[in-house]
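Attaching a single structure in C-alpha cells format; questions to follow.
Order of writing sets the chain letters: A, B, C and D. Residues in each chain are counted from 1.
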Amino acid sequence: MTPAAQLLIGLVFVPLSTALVAVLLPPRRRRWAVVLGGLAWPCLLVPLSMAVAREQSVVMVFGGWAPPLGIGWRLDALGLVVLWVHALAGIAALPSAWRRFDPDLPESGPFWSLWMILATGVNLALLAADLFNLYVALELTTLAAVALIATDDGIAALAAAMRYLLLAVLGSLMYVLGVGLVYAQTGSLAMHQPGIEALNNVALVLMLTGLMVKAAIFPLHVWLPHAYSNAPGPVAAIMAAVVGKAALVAFWRIWFETAEAPPAQLADFLGLIGAAALVYGAIAAYLQPRLKMVIAYSSISHFGFLLLLLPLASQQAFQGAGFHLLAHGLAKAAMFLAAANIVVVLGSDSIRHLPGLDKRMPLEAFTLALAGVTLIGLPPSGGFTGKWMLLSAAWETGGWFWLVLIVLSGLMSAAYVFRILALTCFHPARRAVHHLHPRPPKITSLAALTLALLAVVIGLYPHPVLDLLGAGMPGMVR
Amino acid sequence: MSAPLAVDVLLGLILVGLAAQVAIGEHLFRAIVFYVAFGLSMSVIWARLGAPDLALADAAIGAGLTGALMMVAFRRLVEIDPKQAQAQATRSSALAVLIGVLAAGMVATIGLTALTLEQQPGRAGLQVMETLGDTGLGNPITGVLLVFRGFDTLIEMTVLLTAFVGSRVMTTRSRFYVATIAGFQLPLVRTLVAVILPLAALIAMHLLWIGSDQPGGAFQAGSVLAGAGVLLLLTGTLLPASKSRALVRLALVAGVASLCVLVLAPMLRGQVAMAYLGRGSLLFAEALMMVSIATSLTLLFAGRPSLKVGRP
Amino acid sequence: MISPWTTQILPPAVVLVSTLAAIVIFVAGEARQRLRIWVNLTAALLKLLLVVWIGLEVLAGTTFMFRFELLPGLELILHADALSILFASLSAVLWLVTTVYAIAYLEHSPNRARFFGFFSLCVSATMGIAMAGNLLTLFLFYELLTLTTWPLVVHNGTPEALAAGRSYLRYTLTGGVVLLTALVWLYGLAGNAVFTPGGFLAPLAAAHGDALTLIFVMLVAGFGVKAGLIPLHGWLPKAMVAPAPVSALLHAVAVVKAGAFGIIRTVEDVYGLELVAELGMRLPLITVASWTIVIGSLLALREHHLKRRLAYSTVSQVSYIVLGIAVGGLLATSGGMVHLVHQGLMKITLFFCAGIFGLLLGVKRIDQLDGLGRRMPWVSGAFTVAALGMIGLPPLVGFISKWYLASGALAAGMPLVLAVLITSALLNAAYFLPLVRRLWLNPPGTLVEAPIEIGRLPRLALMSSAVATAALVVVLGVLAAHPLSPLNWVVKIAQGYAP
Amino acid sequence: MTSAVFVLVAAAIFGLGVHGLLVSAHIMRKLLALNLMLSALFLLLIVVPATIDGRPDPVPQALVLTGIVIAVSTTAFALALMVRLFRKQGHASIHPDIDPRLLGRKAPSKANKTAQGDDR
C-alpha cells in the first residue's frame, strides 16, 4: 500500500479517532482533544499535495477488492483544493469555537465531538470515489451539520436545523434512487464507470437534483439562508466554507466522470439555473436586513457562478472554477467569523447597528472589506484570477452569454458588498448602540483577518494551485 | 392469475392501505400505530422477495424501534402541551394530491422502464457470489457488509453515533420527566420481563453467531437487544440517568472503534487497509457493533446519556 | 549608468512608496498626528525624487522593465517610457503640494487617518496606471483607483456624499466591467498585449476588423467614464461634494487624467493612429471629444455652484487631450499631451482657491465671490492667473497647448476642429471672466466670517500651495522653450508616435 | 411479473408519502411521510436490479440494510430536535406562515410564553 494511500487513510481516520476519543472523554475535557485533532489532520495535506502534484491523483481501494466489488478512494486536485480550504477555515474557526463553547456550557460536550465528526464527513465526501460511499459520507456530514446548527438554542436556529434536515433527507432520497438506477444499468457503484457509452439520463438527473439540494443551488436553496445566519459563528463559517462545496465537488465529479457524455442541452440548462442563482442570490443579498443573511445569499449567488463550469467545460474553465472555489471558501469563512464577532459585541447583526463599526471593531470592518474585494473579483484578489480564467474559457468556447453573465456577476456582487462597506465605514453612527458586550479575544478577529488576507494573496501568486488544477479535469483523468 | 401473483397483489394492497392510513389518517397517534403495522407488513414482503436479512432488520428496526421512538416522542409532546401536540394545521390538499400523484407516476415509470431494460445481473453481485468462497463466509450480505464494502458499515455506525451525540445537544438542556416512561408497575409485568429478558439475549446471541453463514448479524442482534432495553425502560427495571458514565460511553464507541481496528490493523502488518483478517475478526467486530447498536438505540429511546437500575 | 537590478526595482518602488505610507498611516491610527504628517511628506518627497531620477535615466536612454507573471500567459508589467514619466511626474508634484494643502485644510476634521491612508493608496494606483506596461496592468490599477477613491468621495458621510459615492460606483464599476470584457476579448485575439509605440494590432486588422472596432469602442467607453466624456460624465459634478483636496487632486489630476491617459495608451500604444483611422474610428472620436468640449463648457456656464462649474470645466478641458490625440500629427498630439500637464496645474489651482474660499469664508456659490480680491489678494490673484490660463491668454500654459492644438488641427486640414477650439476658448472666457470680474471689481457683499478659525501656519500653508501652483502655471508658460520643460518632453514623445 | 407489482406498490407508497409531506404542517407527520418514502425507495432498490439465481442481488440488500440504519438514526435525531423545538416555540411546525419567529422576526402577539418558561 503506497505511503500516499496511507496518508489518505489518515486524512479520514485522524479526525474520526479524535471524535471517538472526544465521545469517550467526559464532556468537560473534550475541547483540548478536539483542538489537537483539528490541528493534526491538516498536516497530512502537505505530503499529499506533493503526491498529487507528482501523480495527478492518489488512488486507494479498501481491502484490495477492486471496484466494482470494493470501495475505492481517489484524491485529485479538486478534492485537494477544498481540503485545503477545510483545513484553513477549520483552524481559523477554532479560536472562535474555543471562546463560544467553553466546557461549562451544557451543549459544549456534544459540540466538540460533532465538530470532529463533521470534519470526518467532509474529508470523506471529498475522497469517496464510490457513489454509495459518497451518499453515506454526505449523510454523516449533514447530520453533524444539523446538530451543530441546533447547538444555538434559539427558535430560529432549531427551525432552520429541522428544515435543513428534512430537505437533506429528501435530497439523499433522490440521490440514492439515482444510484439504484445506475447500479441496475451498469452493475457497479464506482464513480468512474468504464465501458458505458452514456449514463441513463434519468439516473443522472435524479443524482444531480439530490446533490443540488445538499449544495443549496438556486431553486432548492430554501434552507440555506436561515441555517447559516442562525447557526453559531464558527459553525456557519465552516459550513459556508466547505459543507456546501463538498456536495458541489461531488456534483462536478458525477457530471464529468460518471456520466460519460452528458447531454449538451442539460449542460446549458444547468448553466441557466446557475445564471438564475447568480442573479437571484445577488438581488436577495442586496435586500437583506441582516448581515449574516447578506453573506448567506451571497453564497447562493456564488454557487450559481460555480455552476457555469458545466456549459464551459474546458480545461481552463475547470482551473478557473477550482480556483474560485478556493478563494470564495476562504473569503466566506472570513466573513462569517467576522460577522460572529460583530454579533457578539453589538448583540445583533441587523444592518441598523453597523454604522460606526469601523471605529468600534476596525479588524472586523477590514476583514469584511477584504473578503468583499475577493467576492467582487477586483484585480489583485483570488476572485479575479478565477473570474479571468472562466472569462477566457467562455471566450474560447464562444459562450457569449456566459461571458456577459460572468462579467455582470462581479458587478452584482459589488452592489451588496459596497452597500455593507458604506454602512460599516461611512454612515455616521447616528445613535450609540445601547450597550456593547465585552469584546471577544483579539485572536478571533486576527484569524478571520488572516483568512481574508489569504484569499487576496493567493490572487497574487496563484501558480501552485493552478498547476495542481491544471493536471486534469476529473473526467479527463483516466 | 397464478397463486403467487395473487399473494403479491394482496400483500401490495395491504401495504398501500396501511401507508394511506399513515399519510392521510387524521389522528396522529393512530398514524404512528399504523406505521408500525406498515413496517411489519414490509418485512413480510421482504421475506416474500427472498431477502430474509432485510425482513429481520425491518421488523426489528424499521417497525419496532422507529415506532417506539415515535411513540415516546409523541408522549413527550403531549406532556408539554396536549392540545398543540395533536394540532393538525393542514394546507390545501388539492395541490398536494396532484403532486403526490405526479410523484407516484414518475416513480412508476422509472421503475417499470428500468425493469423492461434487458438486464444482466449486477457485476458487483456476481463477483460477490464468486469471491464469497475465499472469505469462508456463507451469508453474502454479511460478506458485502463487513468485508467487501466494510467501510460503508463503519461510516453508517458513525452516523448512528452522531445521531446519539446530536440528540444529546438537545437533551442536555431540558429537564426530564421520569414518569414519561416507567409507567408499568404491574406484578404480571415483572414476571413477563423475567421471562423475556433471557430469551431476547439468547436470540441476539444466536443471530450474532449464525450471521456469518445464515441471515442474521450485528444489526439484527443489536436491534433485538435494543428492543429488550426498551422493554426494561418501560417496566421501570432500568431508569434513565442524567450523569453520563464512562462505561456507557465506551459501549457507544465500541462498534465504530472495532471497525477502525479492522481497517488499521492490516496496515500495521503491511497489508492493504481493511484486508480480510478471517472470520474471527468479523465476529469480534460484530459483537462490539451489536453492543453499540443496542446501547445507542436504547439511550435514544430513553433520551438520557446513561441508565441506572430502578428500585425493585 | 545604473545597474540592471535597479532598472527592475525602480518602477514598482515608485508605486509602492505611497502604499507603504498608507499602511503606516492606517496602522498608526487617528491619534498620531505628527507621525502622519511626517510620513506623508517624506513619502511625497521620496516619490518625487524617484520619479525625477527615473526621468533623467529615461532621458539618458536606459529602459526600465519589471515583469511579474500573474497567470500563465498573463503578466503584470511596470515600465517607464517617456509618456509614463510625464504623467508620473505630474502626479508626484501635485501630490506633494496637495498633501501640504490637505494637512492644513483638514486641521479639525475627523477620520483623518482614514483619509490620508486612502489618499496615498489612490496616488499609488495613479502611479501604477502611469507606469503600466500593458493593458492588463493598466486595468488592474484602474480598478484599484476606483476602490481607493470611493472612500474619499464618501468621506464626509453626509447623505449627499453617500449618494455621490453610489453614483460614482455605478459609473466606474460599469466602466470597469466593459473594460474587462474588452480586455478578455483582446487577450483572446492578441495574447499578452505589451504597449508598443505605433500599436501592435495592425497584423490582426485584416482578419478581425470588426472585432477590433468593437473592442476599441469598449476600451474608449471604459476609459471615457473616468475621462468624463459627455454621456459618461454624470458622476463628476456630483463628486464635488467631497472635501476640497479630494476634488483638487482626484477630480483635476488623478481620476480624470487616468481616463484620458488610458485613451492615449489605447490610441497610441495599442492600436496606433493609422489603424484607428483605418477602422474608421478617428472621426467619431474627434466628434465625441468636440461635443464634450462644447457641451461641457455650456453646462459650466449654466452652473451657479462654484465647484460644480469647475467640475464641468474639467469635463470639457480633458477632452482637449482626447481631441489632440484623435487629430494626430506632431503638433496636435503634442498639444493634447502637454495639456495633460497644463490643465492639471491650472485646474488644481482653481480648486485650491475654491477650497480656501469655501473653508475660510463659507463661499459656495458664484455670487458670493464679490469683492474677495481685497479680502484675500493672494488667493484671488492665483485664481485669476489660473482662470486666464484656462481661457488661453499668452504667455500662460493654457495658451501653449491651445496654440499647438490649433496649429495641429490646421496642419491636419480640419478647419471644423479649429472652429471648436475657438468657440471653446470663447465659452471659457464666458464662464471664467465674470468670476474674475466679481473678485476684483464688485463691492464686497455681506460675508460672515466662516465658523472655523484657522491657525497662522495652516492659513499660510493653504495660501502658499495655491500660489505655488499658480506660479508654475506662469513659469512653465514663459519657459516653454526650455529643453526640460513639459512641452519639449512631450514633443520628444510625439516624435516617437507621429514622425 | 411480481417485481412489476411491487414497483407499482412502491410508486403508490412514494406518492402517498409526498402527499403526506406536503399536506401536514406537523413535523411528526412529515417524518412519518419521509419514512414511507424511504421504505418505497428501499423496495425499489431491491426489486429493480436483476436477481442472481432466484435470490435478490446481495449488494442492493446491503445498501438497503445500511439505508434502514441511517433512516432510523436520522429519525431518532429528528424526533429529539422536534421535541426541543416544540418545547421552545409551543407548536410542532416549521412553516414560516404559521410562526414569524422562525424567520427571526418578532414573536407573534400571543406568544405562548408557557412553552418557553418552564425548562432550564
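Here is the rule we use: a contact is a pair of C-beta atoms (placed from the backbone, for glycine too) under 8 Å apart; a residue touches a chain by one contact, two chains touch by 3 or more.
Please read all numbers here as calculations on a predicted model, not as lab measurements.
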{"item": "Of all other chains, the one whose Cα centre sits farthest from chain D", "value": "C"}
{"item": "Core chain by centroid distance, with centroids computed from Cα atoms only", "value": "A"}
{"item": "Between A-B and A-C, the pair with more C-beta contacts", "value": "A-B"}
{"item": "Distance from the mean Cα position of chain C to that of chain A, given in whole angstrom", "value": "44"}
{"item": "Mean-CA-position distance for chain B and chain A (Å)", "value": "32"}
{"item": "Centre distance in Å when chain A and chain D are each reduced to the mean of their C-alpha atoms", "value": "26"}
{"item": "Approximate Å spacing (C-alpha centroids) for the pair chain C, chain D", "value": "66"}
{"item": "Multi-partner residues of chain B (at least 2 other chains)", "value": "107, 114, 119-122, 124-126, 128, 149, 152, 156, 159, 162-163, 166, 170, 173"}
{"item": "Touching two or more other chains - residues of chain D", "value": "44, 48-50, 59-60, 66, 70, 73-74, 77, 81-82, 84"}
{"item": "Per-residue multi-chain contacts in chain A, two or more chains", "value": "132, 136, 139, 143, 146-147, 150, 153, 177, 181, 183-184, 189"}
{"item": "Full enumeration of touching chain pairs", "value": "A-B, A-C, A-D, B-D"}
{"item": "Contact set on chain A toward chain D in their complex", "value": "132, 136, 139, 143, 146-147, 150, 153-156, 158-163, 165-166, 169-170, 173, 176-177, 179-181, 183-184, 189, 226, 229-230, 290"}
{"item": "Chain A residues within the chain C interface of the complex", "value": "358, 373, 378-380, 385, 388-389, 391-392, 394-396, 403-404, 407-408, 410-411, 414, 418, 422, 425-428, 460, 462-463, 466"}
{"item": "Chain C residues within the chain A interface of the complex", "value": "69-72, 74, 114, 139-140, 143-144, 147, 150-151, 154-155, 157-158, 161-162, 165-166, 169, 173-174, 177, 180-181, 184-185, 187-188"}
{"item": "Residues of chain D that touch chain A when the two form their complex", "value": "21, 27, 30, 34, 37-38, 41, 44-45, 48-50, 59-60, 63, 66-67, 70, 73-74, 77-78, 81-82, 84-85, 88-89, 94, 99, 101-104"}
{"item": "Of all residues in chain D, those that touch chain B in their complex", "value": "1-20, 22-26, 28-29, 31-33, 35-36, 39-40, 42-44, 46-52, 54-62, 64-66, 68-77, 79-84, 86-87, 90-93, 95, 98, 112, 114-115, 119-120"}
